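One structure coming up, written as structure tokens, with questions to follow.
Each chain gets a letter, A, B, C and D, in the order it is written, and its residues are counted from 1.
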Amino acid sequence: MEHKIETDFMIINMGPQHPSTHGVLRLELKTDGEIVMACRPFLGYLHRCFEKHCESLDYLKIIPFTDRMDYLASMNNNWAFCIAIEKLMGIKVSEKCEYLRVIVGELNRIASHIIAFGTFGLDIGAFTPFLLAFIQREKIFDLLEEASGARMLYNYIWVGGVARDVDGDWLKKTKKFCQEFKPALDEVDELLSLNKIFVERTANVGVVTKEMAISYGFTGPNLRGSGVNWDLRKNEPYSLYTKFDFNIPVGAGEQGQVGDCWDRYIIRIRECRESIKIIEQALEGISLEGDIYETVPKNFNKMPKGEVYARSETPRGEMGIYVVSEGGKAPVPYRVKVRSPAFCSLSILEEICKGVMISDVIAILGSVDIVLGEVDR
Amino acid sequence: MTPEEIFDKLKEKFGEGKILRLTLPSQNGFDVCDPFIDVEPLAMTELADFLKHDKDLAFDQCCCISGVDLKDDLQVVYHLFSMSKLHKICIKATAKRDNPIVGTTAHTWGVANWLERETWDMFGIKFKDHPDHRRILLEEDWEGFPLRKDYKFPRFWRGMEVTPEEEEGTYGTQD
Amino acid sequence: MDNILVWTMISILVMVGLVSVVGIISIYLERKVSAFMQDRLGPMEVGFGSLANAIIGKKTFKEGRIGLAQSLADGLKLLQKEDIVPKGADVFLFKLAPMIVFGGTFAAFAALPLAEYFVPADINIGLFYILAISSFGVTGILMAGWASNNKWGLLGALRSTAQMVSYEIPIGVSLISIVMICGTLSLKEMVLAQSGWFWNWHLFGAISHNGAIGIVLLPVMFINFLIYFTCSLAETNRAPFDIPEAESELVAGYHTEYTGMRFAIFFLAEYGAIFVGNAIAVTLFLGGWNSGIPMLDEANIPGIAPLIFITKVFVLIFVVMWVRWTLPRLRVDQLMNLCWKYLIPFTLFTFFYVTIYKVFLT
Amino acid sequence: MSYFGNISKAFSTIATGMKITFRHFKNARKPDGIFTTQYPHKAVPLPKFSRQQLHNRIEDCIGCMKCANACPVSCIYIETVKAPAGTLSDTSNGQKRRLYLTRYDIDMAKCMFCALCTYPCPTECITINSDFNFIKFERKDLLYKFSDYSPEQVEQIKQEAKLREQQEAAEKIAKAKAAAEAKLKAETEAKAKAEVPQVEAKTEEVKAEQKPETKE
């Protein structure tokens, strides 16, 4: 009998209560010292069965529930759902509403990206950029609160319109914010992006190649970080995005390889700048005349029979809403399925967390930018 | 490629037995829908492989996999998109309710792994040859598949009250 | 003789108080500094008055306080907390660990030369003693991590050990240069050698020892100082080297399972260790209790020497905090990389430079 | 020379970062240097339309159940009893009130602050205001009761309504007896109707819905 001396692997549960899993995600890490041999994510701690809820709620009542999926970008969730229902019902929304949607959607995108790169910095250990960026997020929330009445869960974008009108004063405040935001973002950028330690920690870590990114359903900033020039706002324009002039930042591997954590991080900072551009153009174009409730359907008793898959670009990527309607007099959807971008992005974790260090797992998780409310729904 | 061309191409490759029919908007009782192709559920694995790797089709992105409970049958709906060719198609695989088995596509698209697990979790549709066939959102020992229309919510699970009783006599109990 | 004995007794008593006072002040400072750097207010409500009122059960909230008693209140709160020992823990080691960590720091305080007649233990191998006793703390950290039967704690403890053992080397080598110049290990004599104008400080070379020619040591001494400062950050587990307790990776590292007063002791020990680390930097490089202006030193104002010393240390502690709230954290392998590939070669270089200077220029 | 390049890059980027944090540290003494406020002493004013707490002006409420039907989480509980014509004053926008609101409870513990209930209200009596200070120490205190009748009054109203119904029924029976036999059928229907007060509430609701909407 021969005995081989083997060192044992250690199984560590990272989460559900862990500062860096961005909510209640559990990662089962099989580690050899500091090296992670395998990583298995366990989800579902925040599962609320949104899709089951939808099957017993009116279309309008579902919108507050969509807020709670990706609670960092509620506006974009509302919007995604409304796009699907409007497509189903054949509603054309007035231009004023579309402008308002673009403005609040892009403001919310900035707020969400601030969380994304702020907490990414926090995971890497830099506390100050996170809080400096948060000041700007607070300002955005003040604006959105004034427009919609709530700070995070807005219920603002309705099927066929928006919930509340804005006044000229609000537009002026938004404009002022846009001007103040740029130097503040530059400061955070300067503080963190090129910091040697930060670059060392994030460049060449968690590299996702183009093919892998597409196959694993990466969308949004993650996909662009891998060097794919793809943005639904540009490539499959919805709403008024054809009217605006903006660029799509694409990862180029400036500090390391294309598709590493640093690329995914910098894309978000650059996207904030593009969003500001869009908001400024929208503020130019909007006119305050017109009724925002004009196309809001009075009731949902005469839905067409059919199904629709509508996708739109939320800060985390492509959110697809698949709605099946029975038609006739049923005012509730037969089935709603949400293609959550964070859920799909997270599925790559098992693949790229092999042979990296524990600290890198944190960096990768932070750079993929998940929101557990959306992953579990 | 238009849906008709895709349908013809698939039919040519796999034959009528596996590729059943193409539905366009305002057909088969639909007022609104994306064009979709009904296929034989067990043919899904080779079909996915062909859809992704064929030069003309090149469906490299699997947007969404959703289960639908059709009361008599269970259906898996694949929304596919090609980033290089910029065309999309919807594939539907309908399986029998008493023994729903669909061929897996997890070897073709990475994301399908989790999306199929979610479909199994919620609808109890089995995916043949799936590499990691576990529940994903619910616990392993959860009974039943919540998104099926005939699902009954359990009162207790592992001794915990999961569906609290509504306050008596309130308006909320009417629903 | 009697005079010295009395002073020694007093200074020992002062030191006992100093460890906790330094901890409390540093914690308050840390919170305020971090708050101001992040555009926040930091602790505001708990002043000494409202703390006293809270103790006798009266609630008072007034505007305009700056929260001076916040860390004292935190300490009082931690004292009342439940002392939890995890189920699978090695109880004896678990309880011993914070004492060892605190003991190591406290013992190091004994040899700090606050003023000429204010050295609690004026031993002729002071520097050696401090270096030895302050690395004693790592035993406690390893104990804490291992005994608490927690995987995060164990990882943190092992990281800490690896880090401390590695960083002892550049610290030792960089300090040897000073020892070579001074020819002594006694901290008091080292400070005495730096009296007079501020260019006599070792940071600016060896002017007090060899006159103007000592200026050739200026660059290497700067490098030495920087290396020592960096290493002392690593020795005390401060950012950017706080990987043993990296809260975003290891929850809280070796003190994950500690609660209440045991946690507070770890906390105090950490800040005590920062004080010791920076006190050595002040003693060796920045002239100790000397103000740098001879007239001020000769004025013999009572109590000014320790005040100058502590002020200098707190300026350095501010820099430590400033660094912490600016920089991200390194990874374990990068930390080792920095130590073995960058710091050690540079200290060796400065060491040879000083040797050559010592041999040929004096 | 990537070795020394690394060193110089590290030094320069660290210096940039430290400059920025020091600037913030220095500016903290300036009036707008600090973003946070010391909350209980200084509060940031909320916008006018901030959604914090639901309120119902009970004197304007007609008990139409529209808010309860609009609520996604069913946190509004309404119970009504039919009132005799003329006993209740009109609402401030001139609508008739025909129902005693024996119960109008809002469970703020359940509420999701979507404000969907405020939109369909025909008399604009249910509003969501910006009063955020409704912390309660017990969960049951979060059930806000808006009905201005005490439990005894509710009991009385219910009994009166019952009496009235019986009276009406008796009158009807008396009438019916006097009337021709053909009306006998209608009479039994009225009786059945009188036995279930909820059904009447429903018919009332239908009436309220038929009225022209004042909002939207």
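Here is the rule we go by: a residue touches a chain if its C-beta (ideal position, glycine included) is under 8 Å from a C-beta of that chain, and two chains touch if they have at least 3 such contacts.
Since we're looking at a predicted model, the values are computed, not measured.
> What is the identifier of the chain with the smallest separation between its Cα mean and the overall Cα mean?
A
> Would you say A-B or A-C is joined by more C-beta pairs in contact?
More contacting C-beta pairs are found at A-B.
> Give, as an integer number of Å, the spacing between the C-alpha centres of chain D and chain B.
40
> Whole-Å distance, chain A centre to chain C centre, using C-alpha means?
Computed from C-alpha means, the inter-chain centre distance equals 43 Å.
> What whole-number Å value describes the gap between the mean CA coordinates of chain A and chain B?
24
> Compute the distance, rounded to whole Å, between the mean C-alpha positions of chain B and chain C.
61
> Give me the residue numbers in chain B that touch at least two other chains, ranges are fine.
Residues 175.
> Could you tell me which residues belong to chain C and also touch two or more other chains?
As it turns out, chain C has residues touching two or more other chains at 37-40, 325-327.
> Mark out which residues of chain D touch at least two other chains, giving numbers and ranges.
Only 14, 17, 20-21, 24, 35 qualify.
> Of all residues in chain C, which touch chain A in the complex?
Against chain A, the touching part of chain C is residues 34, 37-40, 151-152, 155, 159, 239-240, 242-243, 246-251, 325-334.
> Give the list of chain D residues in touch with chain C in this complex.
7, 14, 17-18, 20-22, 24-25, 28, 33-38, 40-42
> Which residues of chain D touch chain A once you look at their complex with the stated criterion?
Listed in rising order, the residues are 6, 9-10, 13-14, 16-17, 20-21, 24, 35, 44, 46-47, 49-51, 70, 72, 112-116, 119, 128, 216.
> Flag every residue of chain A that touches chain B in the complex, lowest number first.
That would be residues 43-44, 47, 49, 51-52, 56, 87-88, 90, 212, 214-217, 228, 230, 235, 304-309, 311, 318, 320, 322, 324, 327, 334-335, 337, 339, 343-344, 346-348, 351, 376-377 of chain A.
> Sort out for me which residues of chain A touch chain D in the complex.
Going through chain A, the ones touching chain D are 57, 60-65, 67, 128, 132, 135, 138, 142, 145-146, 149-150, 153, 155, 163-164, 187, 190-192, 194-197, 293, 296.
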